[in-house]
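When the chains are written out, they are named A, B, C and D in that same order, and each has its own residue count from 1.
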Amino acid sequence: MEVEKIKNLHKSFLKDTLKSVFKIEKLKRITGFSGVHFNDAEKKLAEKIENYRKVEREAIKSWRIVELSRDEKRPHTPDYINGIFDDFISFSGDRQGYDDKSIITGLGILDGSTVAVIGHNKGSGIKERIEYNFGSSMPQGYRKAARIMDIAQRFGFCLVTFIDTPGAYPALEAEDSGQAGAIARSIYEMFSLDVPTITVLIGEGGSGGALALAIGNFIMMLENSTYSVISPEGCASILWRDSSAAKLASRALKLTSRDLLKLGVIDKIIYEPMGGAQNNPGRMIKIVKSYLKNIIKKYSNLKDFDFKTHRAQKYESIGITAGSVQQKL
Amino acid sequence: MEKIICKKCGKNISEEDFIGNLKVCVHCGFHDMLSAHERIKITADPGSFTELAKDMHSVDFLKFQDLKPYSERIEEAIQKSGINEAVVAGEAAIKGIMASICVMDFNFMGGSMGSVVGEKIKITADNSIEKNLPLLIFCASGGARMQEGIISLMQMAKTVSCIKRLKQEGLAYFCIITHPTTGGVSASFATVADIIITEPGALFCFAGPRVVEQTIKKEVPADFGLAERNLKNGLVDMIVKRHDMRDVLGKLLFMFTNKNLNP
Amino acid sequence: MEVEKIKNLHKSFLKDTLKSVFKIEKLKRITGFSGVHFNDAEKKLAEKIENYRKVEREAIKSWRIVELSRDEKRPHTPDYINGIFDDFISFSGDRQGYDDKSIITGLGILDGSTVAVIGHNKGSGIKERIEYNFGSSMPQGYRKAARIMDIAQRFGFCLVTFIDTPGAYPALEAEDSGQAGAIARSIYEMFSLDVPTITVLIGEGGSGGALALAIGNFIMMLENSTYSVISPEGCASILWRDSSAAKLASRALKLTSRDLLKLGVIDKIIYEPMGGAQNNPGRMIKIVKSYLKNIIKKYSNLKDFDFKTHRAQKYESIGITAGSVQQKL
Amino acid sequence: MEKIICKKCGKNISEEDFIGNLKVCVHCGFHDMLSAHERIKITADPGSFTELAKDMHSVDFLKFQDLKPYSERIEEAIQKSGINEAVVAGEAAIKGIMASICVMDFNFMGGSMGSVVGEKIKITADNSIEKNLPLLIFCASGGARMQEGIISLMQMAKTVSCIKRLKQEGLAYFCIITHPTTGGVSASFATVADIIITEPGALFCFAGPRVVEQTIKKEVPADFGLAERNLKNGLVDMIVKRHDMRDVLGKLLFMFTNKNLNP
């Protein structure tokens, strides 16, 4: 066994392995210990190591996507808005004391139709990014979004949301002004809409902050975007008690577009230009525009379709359980 | 006689006094956690509780393994808590008024919400709608169950959708926050209730104090996310002591279901 | 003419009068000035003074009511709530970061029915009064009120509002968080309710802050309460450019219950115990309870009455204009 | 050549430059007040405006007299402004799209809202409902007209009720805030608009800066209630310069009335 080679594996995963290796090294030192018994142990260990290597390869792959999803050079919501809509007009504020710039809302024209738009805004350049909390929204941001949802509902506009956030902003001020309730009510509001809602995950889909704006009749996810209940770093530090296990967590969480399509949580993967959206933003935007046009056209022609009930049924059927089903009392 | 040490003030309490006082510290008034069945016992009219979906349990569908496989964690939680999941669902009478009821149990994997919690809340909400009953949920949760990945995040949407249907049927839904309630549960069904009641001292927030401190790089106030601060911040309707909870719930249920003279 | 006597009149009104008096005194000094002409001027002046005296008497009366309406010993919203409802449960907060204590909201039982209640709370004792801004609400207070309106609407509860405020709180923080919009949306919300709304003006009915919670199908006004577009002091300082003209302004504004009944803005005057509600709060509360019971009972029996349309038509017909009526284009 | 002194920066501007620049200061960009008809002229498609209820005027029904009788003030205001009331109402096309339109005029008793303003807004809202037209209101007002006492306060309720009916018919309503808009107009129809647009530098608040200073016993910031502060505070949707207003309104009208492909 080449003990050196497996040192490249992640330490959390290695603990167990190394224990076995040392056990075998010890065994080797016992006089007369040899033969079939020893070879079996070696074989088992080899298998185990091979399995760990596979996990590690997968983890590296998932992590690469996590990195891509966060790449500053990827097109962001303002790029999509500018590239997709004619005459976009943006609206500001929650009408109650705050304009959260981490969320853009407004109306645009796509293919002749008025479309309501909401999207996370990470900001470009460090100054803007700080001002926009790197796309992490305050409760007031979701209340601003609720205003355009209400307009979409009353005027019959399709609602398109672009998701790109590390998650809701975890700050004292955010908590004090009701972060939890703001997210919940945003979800509630999206379930109340009679108009079609279309969500495009374009980068980071971070937890409740992403979900708050992502209740879609149709959910598209860019190949290298992610969508997760918690950041891999956060998950690693809680479950592995070691934030350097983020790569392993990124694999375990199943947060890539391929994983999510398999799980039935998204409806479509939008493949990115070679190497990722950051390599050809213009082309990426055109591709998204084309898919959006198609789905909006399709939905516009579904005259009697109950988008609200469709959304409720879709989300209420998500979950895998065992044991008793509903017995009536 | 066994001694209990209060988690808040650190003083000794005899087990008898502790249990006799509904697990509220006799010195500082700290409301310690109750198991789901303890809660039901002190809340529901005696013998009125019937359970729904008792045997439903979690599945390790992602083959999730951190330091320990999820499947093992589920097994351990069932052994430790004596219940099959982090929420006990059913129907009960309180002061003579029937209601659907869900009670979360922090002992079961920190009251985390996965598919089973989501599904049981759906079943209970549907039971309410079918029988025209108000709904009560006692919350206690560390958030979404990471071991179910994105599916646990989706339970936030699922439960909110169920509550929305229930509310649109004109049914009342009260949420009772117990210590601690954070993360995905706070940001879903807990905060879309008609009335939010909290036990004194209960932590109720989205991001926990440690996460916030890491982000803003400074200490949060000592009362961060606690009931009293939340009341001042208008995030909850009232703080109700454990000893008064049954009475208050009884009155609220009466008021919300009493339509005799209303137009 | 006894010039001394008219010195008791208000200076703003006196200016004109005194000018005339001095003119006459001057005239008297002109030799040969006498007879009919002089007597006419005297007669006119006497009339003018008599008229001013009447204005002054009325102003003193209105002002007395302004003072009574502000009397700290009058029963306030919490007294009415405690005396009228069984098992009142109060609800807190706007769910967004603030609990404005200048507005009480909750549910109570009256005559076996659940009633939704909103009322201004001036606080009792100086510490509470400061904490409650003397009953002047922040925007968040109206948002808190909107929550109970929504509950009333969904559960079919009658809504009773008790009005007692000097007006919305004119503070920087209030303006920054949208005071104007909060008042407007509260009015909007009250027009959206299908359930009956009953308003009782129990003390000061100050401007937009009062109106925000006073859109009633039935509006009762305590004999010595007031309801006005602006405080007499504010009106005096703007229109008379002299805040000491508040008494005259209180008369001109027509802000008493008798004035408002004549103008059709309220539906009923509730007469107070001898000398005012402050002399017998217990009795005052019983009287209000009795009227509330009656009107709620009456409304509860009107099964098919459209309270929403009734409210809209009632308010939309208020106003006195001249000239062209609506010509269609 | 006549010289104008900018109310904000105090610099001289030739009348020609001032008028030519739509009464926006060429030095500091201050947007000075426009009369209702000046506003209509620069906003509506040429010749497209038709007026509603032009002759309607106020009545001194309370016999209100402060230093001067209300009846005299009405007469003077009509003489001074050349219009019969503080709002001009009607219908116009903007970039080819028909809309109902109200334009307030601060020259008429400070744009104060009494019975006539309330009634003309009702008439215009009803015109919108009847003809399925969006509604635009340009605000400029010191608040309620005190000389009509409680009846002027009731115009707040009246106008909000009309706007509510209009919105429930699925019609769009945009409000354009011009300098200054305060008091009862701010706290009624102005703030229940779908979209609130403001000219740069316009004061838009409920209680004016002087009133607030008297209450809180300290100075308010220099930008109190101004467009830029309101934008930051999320109270308005956008600041639009006078020169761009027609374009923006045209686009918004198109977006809100364009239903060809919508479900």
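The criterion applied here is as follows: a contact is a pair of C-beta atoms (placed from the backbone, for glycine too) under 8 Å apart; a residue touches a chain by one contact, two chains touch by 3 or more.
Computed from a predicted structure; not experimentally measured.
Traced through touching neighbours, the fewest hops from subunit B to subunit C number 1. Under the touch definition stated at the top, subunit C and subunit D share these contacting partners: A.
Annotation: A-B is the more contact-rich of the chain pairs A-B and A-D, by number of C-beta pairs in contact. Across the assembly, the mean Cα position most removed from that of subunit C is the one of A.
Between the CA-based centres of subunit B and subunit D the separation comes to 51 Å, rounded to the whole angstrom. Subunit B has its Cα centroid 27 Å from the Cα centroid of subunit A.
One simple way to say how far apart two chains are is to compare their mean CA positions; for subunit A and subunit D this gives 45 Å. Per-chain Cα centroids separate subunit A from subunit C by 55 Å. In subunit B, the residues touching two or more other chains are 191, 233-235. Multi-chain contact residues, meaning those touching two or more other chains, occur in subunit C at positions 95-97, 176-178, 181. If each chain is drawn as a node and touching chains are joined, the picture fits none of the line, ring, star or complete shapes. Working note: touching chain pairs come out as A-B, A-C, A-D, B-C, C-D.
Of all residues in subunit C, only 12, 168-172, 174-181, 183-185, 187-188, 191-192, 207-208, 211-212, 215, 227-230, 234-235, 238-241, 245, 248-249, 252-255, 259-260, 263, 265, 311-312, 315-316, 318-327, 329 touch subunit D in the complex they form.
Residues 167, 170, 172, 191, 194-196, 231-238, 248, 251-252, 254-256, 258-263 of subunit B are the ones that touch subunit C when the two sit in their complex.
Residue ranges on subunit A touching subunit C, taken from their complex, read 95-97, 139, 143, 176-178, 181-182. Residue ranges on subunit D touching subunit C, taken from their complex, read 50, 52-59, 61-62, 64-67, 84, 90-91, 114-116, 118-119, 122-123, 126-127, 144, 146-158, 160-165, 183-184, 186-192, 204-207, 211-212, 215-216, 220-221, 224-225, 229, 233-235. By the touch criterion given at the top, residues 87, 89-100, 107, 109, 111-114, 140, 144, 151, 154-158, 195-196, 296-297, 299-300, 302-303, 305, 307 of subunit A touch subunit D in their complex.
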